[in-house]
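Mind looking over this structure? Questions follow.
Here the chain labels run A, B and C in written order, and each chain numbers its own residues starting at 1.
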């Protein structure tokens, strides 16, 4: 395999592997910008995967499957939203509860899909004539529609967050919910919406795995991607554009993992790469946050209560 | 464009018309009736002062008017119409705006973004149109501000201007100001009063919540006095004088002076010495810029000044909670610069922190557990790795009764206590080991008169026992009454210290605004 | 009629009652989920109960499963009290297992020392695995939820690598596992059960140790203060770094011992991760939360979940369900516990109009 096609092939795989990460991270960025940490992403992704597979199989329509996955991701996230926002429960525990539930229910539902191939997975959308560009052509412009949409979505989400009135509201709720409340912003509604949005995107991210990337269903197939998403959110410093960088960086690491396998390196040692890299990415994000003194939404993870005793 | 209020609600208001009427308002919190059948009304074009000491229920009443709390009983009428104010949104749409004591601003955002938050702006690039509106109102009322500045870059006075602009942009016809002058220098207070008079001339009304008698008298048209959740009286400012108001506020003749022994000759050796201290704040900007002073046995050094001039950072450096970038802190002759809080505490230094709940206590732990927070390491509180439960319990009971901490039991979680009792607990903990150096930051902030007097008496007691006390407070009267020498902190530098007996309160006011001329005249 | 919620501090009886109610409701929710997927919940529950508590052997298996839960659960309760979210017990357990395997299969170590050394080195390895993310949290404020979780995956891959590669047993043909341990490295068991009682004794001791730690010692007090208000802890002169490292050391070490127990007391060899731990590290999170971070509560919760796991094995065989379905219970119980906690803090008052 010559260098050109090796790079092309790597780029191709990078974009595909990075897409579920990008979707999950974009969703989590919005949730965390509104002040809620959603650690249930792993559970929502895997439920998205199994639901998408099942619905695609039975309706023979992949897009319906993805829609169903979005819905289930959103619904699950509403449970987390209810626990963390309305009940002001510990967000770490709540997220873990949702992930555990998601892993369990998905394996229950998915047992009949094991080993069954998907007859009509998501096919690539060729952007001719761009596909004729050397190297980049075959790798960047013959991806499927979800890949393209996720990048466009990232840009739109960035615009919304920083250049619109809704974005100001979301960010204010995450920085200082009391101030936002006093300004007449509905803190609970914004948080619920952002968490729901995050759940929807996680669901779609999971769906991508089962109807496009592999495509198949395996128990636990997300392999911790949901957790990597949380790390990537910090690496992205809660910025949708930077999330693109992070997601594809990790997509690249994962793609590399598979490319290096034939060279005789143990697949298990290679498999450690994404996880170890997440720790490094987390450290980078955290230290940059501390250096630049901008970073995590100030109220992240802290439940908001209006009628508080004043001292 | 700016749908901030039902603007037709406020057409053709006549001066003197009753525009806000609160009837029979009752609000209870666990263990206390904050508002007890309160009747309160506001006329168009007036500045109406709501006067009362801390804990009288003023802020609660205004929070109800602004929709942050819902009353348990009572009715509210705006221009004669009965209304239900269920959230700040409702209040805003009725033309009621509020500037809180603690600013409700997003630190990392710009002025324009903060104000845009409250307005119904267009979807895309909302800040552009907001910036224009800010410029207009700025000129109309004399509120100078840069719309692109980030909040953390602004001074306290400027932040307050943003809050007022915000309320005005939202279409406020009635502006509630909650204790607005506590954070201002005397100069800034004058500016604020100018702005308020301008607003009132335009037919707007102002509710001025305060515990300061002079201000109530000087700025308002009418004064309503609250005490322990009830309205005592509503009188016009012309008929009011300080003595009358104070009696209404407290219910008894108030002694305006606390007796302090003049014992200038008893002052002993230097306990705390701060040499040319420099330190940065959390944002990495210089907060303490070359501060030097010393405090001797048996004297109280008061540092006056509006919050945000470096006092917080100064205290944190002295108590080991912040690194100094240069300079020295010397306690009992030992250089303790940048030593840990534990080491400094072990020298016998008491620290009454500015944030009693945020820093001073573990809210979910019991009264007993909080009382031993500083001494649990020492025998007889512990032996080896173990805590001596029996001794600790007895100790807690002793302190609870000695310092009159009101608590259902010694195992009650501390967060259930009132602010005054939490402070009593902190004082009990810090003072009962007879510290030689006491660092007290805003010790009576937000407390009722009973607790305030108790704490001031305690400080004076320890002074006569020979302790050196550093008192940082925004309450000028408190600083002047208690301190032997007084200094003013302004923009990271110290002016003074000079003996309190040689200054007048107006001089301090000037020093707080940065005027060092006062000193040179000495 | 208006429903008003009044805040209150719940007593022990109320807390127990609500916890019990939460579990029942969770079982109900899980039943619904099973029903929707064509599994008869009544049969499933009966199988679970009979399998876990219906016979002496069944109950002994429940105890077997409870041992690692108690160890991890107690350890996690220490970390959680300091509000340090150690989600890495699973990986710390595996590292303990790795350490034990190394000792067991090492011919240079005198046989009569093997068991003691396994426990000691297992504790140390689990502790180190936790101290790494602990250090990153203490010094660099890196989110420990993510770092400990990542360490789990790394540990899992490491075990997979070892049993397929360098540590694969010589005569094991296609099976990814090490050779069986020499008898000197087998933790003795009680009579006809699989209860490896040495580990059980350590588990109980750790419970007592933790109880004393929090009720009677200075360090326990410091941990509680750090968990309640880190600012106040700093003000009081408590070293945040020391406490974070300590709680990670203890929770990681105890999880490591759990790993030693599994590998030297049950399986007697190192296997792929899912063959060593049925998600004990994750289940322990729920166990410790259910037990309200209280050592005694952890023991009770461990028995409950041990029973669920045994039952889970039973229905896996009889109903053909994948083992991961046990997570349905775990997730439902945790969710309902959270709801229960909220309700416990409020007294519901019904107010009638005009009243």
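Keep this in mind: contacts are C-beta pairs under 8 Å (C-beta built on N, C-alpha and C of every residue); 3 or more make two chains touch, one makes a residue touch a chain.
Please read these numbers as outputs of a predicted model, since none were measured by experiment.
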Report summary line: Greatest Cα-centre separation from subunit C belongs to chain B
Query raised in the report: Between which chains do we find the greatest number of C-beta pairs in contact?
Result: A-C
Query raised in the report: Counting in whole Å, what is the centre-to-centre distance of subunit A and subunit C, each centre being its mean C-alpha position?
Result: 28
Requested in this report: Quick one: report the Å distance separating subunit B from subunit C, using the average Cα coordinate of each chain.
Outcome: 47
Query raised in the report: For subunit A and subunit B, what's the span in angstrom between their mean Cα positions?
Result: 44
Query - Residue list for subunit B, restricted to those that touch at least two other chains - result: 30
**Report entry** Partner subunit A, residues of subunit B touching it in the complex
**Finding:** 29-30, 59, 66, 68-69, 87-89, 92, 98, 100, 103-109, 113-114, 116-118, 121-126, 166, 170, 282-284, 356-357, 418-419, 422, 446
Report task. Write out the stretch or stretches of subunit C touching subunit B in their complex. Result -> 6-7, 9, 216-219, 221, 224-225, 228-229, 231-239
Query raised in the report: Can you name the residues of subunit A that touch subunit B in the complex?
Result: 163-166, 168-169, 171-172, 175-176, 178-186, 293-294, 298, 306-307, 309-311
Query - subunit C contact footprint on subunit A (complex, rising order) - result: 39, 43, 79, 83, 87-90, 92-94, 96-105, 107-109, 111, 219-220, 223-224, 227, 230-231, 234, 266, 268-269, 271-272, 275-276, 278-279, 282-283, 286-287, 290
Report summary line: subunit B contacts subunit C in the complex at 30, 319, 321, 340-343, 345-346, 351, 353, 355, 358-365, 369, 373-374, 376-377, 382, 385-387, 389, 413, 416
